[in-house]
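So that we are looking at the same thing, I have put the structure below in structure tokens.
Labels A, B, C and D are assigned to the chains in the order they are written; within every chain, residues are numbered from 1.
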Amino acid sequence: LTASTDDELLDELRDKLSATPFYGWSGISLESAARAEVTITLEIDERHVNLQGLVHGGVLATMADVAMGLAVRTAVEPDRRHVTIEMGMHYVRPAPRGRIRAAGRAVHVGGQIAYAEADLIDGAGRLLARATGTYSVARERA
Amino acid sequence: LTASTDDELLDELRDKLSATPFYGWSGISLESAARAEVTITLEIDERHVNLQGLVHGGVLATMADVAMGLAVRTAVEPDRRHVTIEMGMHYVRPAPRGRIRAAGRAVHVGGQIAYAEADLIDGAGRLLARATGTYSVARERA
Amino acid sequence: LTASTDDELLDELRDKLSATPFYGWSGISLESAARAEVTITLEIDERHVNLQGLVHGGVLATMADVAMGLAVRTAVEPDRRHVTIEMGMHYVRPAPRGRIRAAGRAVHVGGQIAYAEADLIDGAGRLLARATGTYSVARERA
Amino acid sequence: LTASTDDELLDELRDKLSATPFYGWSGISLESAARAEVTITLEIDERHVNLQGLVHGGVLATMADVAMGLAVRTAVEPDRRHVTIEMGMHYVRPAPRGRIRAAGRAVHVGGQIAYAEADLIDGAGRLLARATGTYSVARERA
């Protein structure tokens, strides 16, 4: 990333995301971006719920990984790439239909390893889940 | 679940899954089922890969949660439901395009809590990721 | 716990802890306590460091589990007990000798499950590690 | 490590461990060692149990981190050091007094990251807990 303001950062990330079919398919969209902090949203519909009518844990995990990964992406040098080493989800409330937001932040970015967290939040501002993630950060090969 | 053989179990799970749009949307299908062990597969295509062309960590997490959740489902009494409390992923190799398999197993099922694990494996049998999950197991409300 | 003020809470926890040899052996002491928030400290010495002279990951994990468990303890009804279901540590900086503090907080306490987090912090206020924990909360058997 | 047989490996690890006060203090001793697999034991006494008379979760986490870390140590090149990035514990049964064994194995060792697991087992061979750990593996600085 080469953006120098938050607005440019948001535009740059949006351009990158619109280039991958994953975002169209998953329905995830960017809401805001600043250095080390990225928020995404997803409008939950019938595709995202499990047999019990609740949002699938994997859907929330996907949102968390996206939000944390992008937060790390905005916090490292432009010529570096990040790879998820591990991630964890703690689900604290059943997630209902409606709009869900994942707010990711890079908590610590070291020379080789970054650690990030995310909050998954429903439309009423209630915490649905907390996520943690570890990322390997390495220079991109030419 | 009320099945008494593995074949009946597989049929019963397939019926349940075909009733939820999530499975059609995600592309996940059941491969095998036995008590406490369920394997699912996903044919990876361009929708499932990230900006770097590798399978999205969230896609693998979704597969793991499905495989572990179904494995727990087959191991508890018919009148009980399971809810994911937490789950974790450890990614050990970048996941390529092609068919990926998630083999879930319920390692321990207690009165209130179940613990499960899953292996994510590529077409050549290589371990891509290991997953762990904790499930709350409670009597279904009438 | 039956305390009605934070000072009484701290006294009550100190009494309980002084009754178990674990605290004398581990060297852990209580620093502060409020509802859902407990901070403990440990003066690191040569017993707590690994082959490389850094504080052993298990020592920090022990501090985290104590701080989170006590935070949960102060947040549940007096007649309930908590049991650790799972816990995780993310180490972000090597921990030096000196005084280390673990600040635990109960993030969410439900009817059966509680979720807590802890920060491990060195004498200069730097984050050494972040911890997460899930606790089963059940009525104590008579 | 420079050992070429399992017996030499066990001797070499024992020498290293006996040089650190941590092992005398914690009571942990080595049982067996092979490439990528190390088992340690601890005789549980009153120092290791919590307010409820059960083995402290942090004690089991310490055993797990030691067993996994040593397993990684035996699997990497002699001139490399390992540092714990993150670790997780899943507790499946309350741990009683008596002898507890932690069997660690390095599941995957890459160029920079290693992933390990451990089983915590009581004297009757029952699984008490499962552990996972991620380790940074880097060349030792001269």
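Quick notes on this one:
Going forward, a contact is a pair of C-beta atoms (placed from the backbone, for glycine too) under 8 Å apart; a residue touches a chain by one contact, two chains touch by 3 or more.
None of these values were measured; they are calculated from a predicted model.
The interface of A-C is repeated, with over half of its contact pairs matching by residue number, by B-D among C-D, B-D or A-B. Set side by side, the interfaces B-C and B-D show unequal numbers of C-beta pairs in contact, with more at B-D.
Mean C-alpha position of chain A lies 22 Å from that of chain B.
If you average the Cα atoms of chain B and of chain C, the two centres end up 33 Å apart. Distance from the chain B centre to the chain D centre is 29 Å, each centre being the mean of its Cα atoms.
Shared interface positions of chain D, i.e. residues touching 2 or more other chains, are given as 85-86, 88, 90, 134.
Interface of chain D with chain C (complex): residues 16-17, 19-22, 24-26, 46-52, 54, 56-59, 61-66, 69, 81, 83-91, 94. Contact residues on chain D toward chain A in their complex (touch as defined above): 85-86, 88, 112-113, 134, 136, 138.
Contact residues of chain C toward chain A in the complex are 88, 90, 92-93, 107-108, 110, 115, 117, 127, 130, 132, 134.
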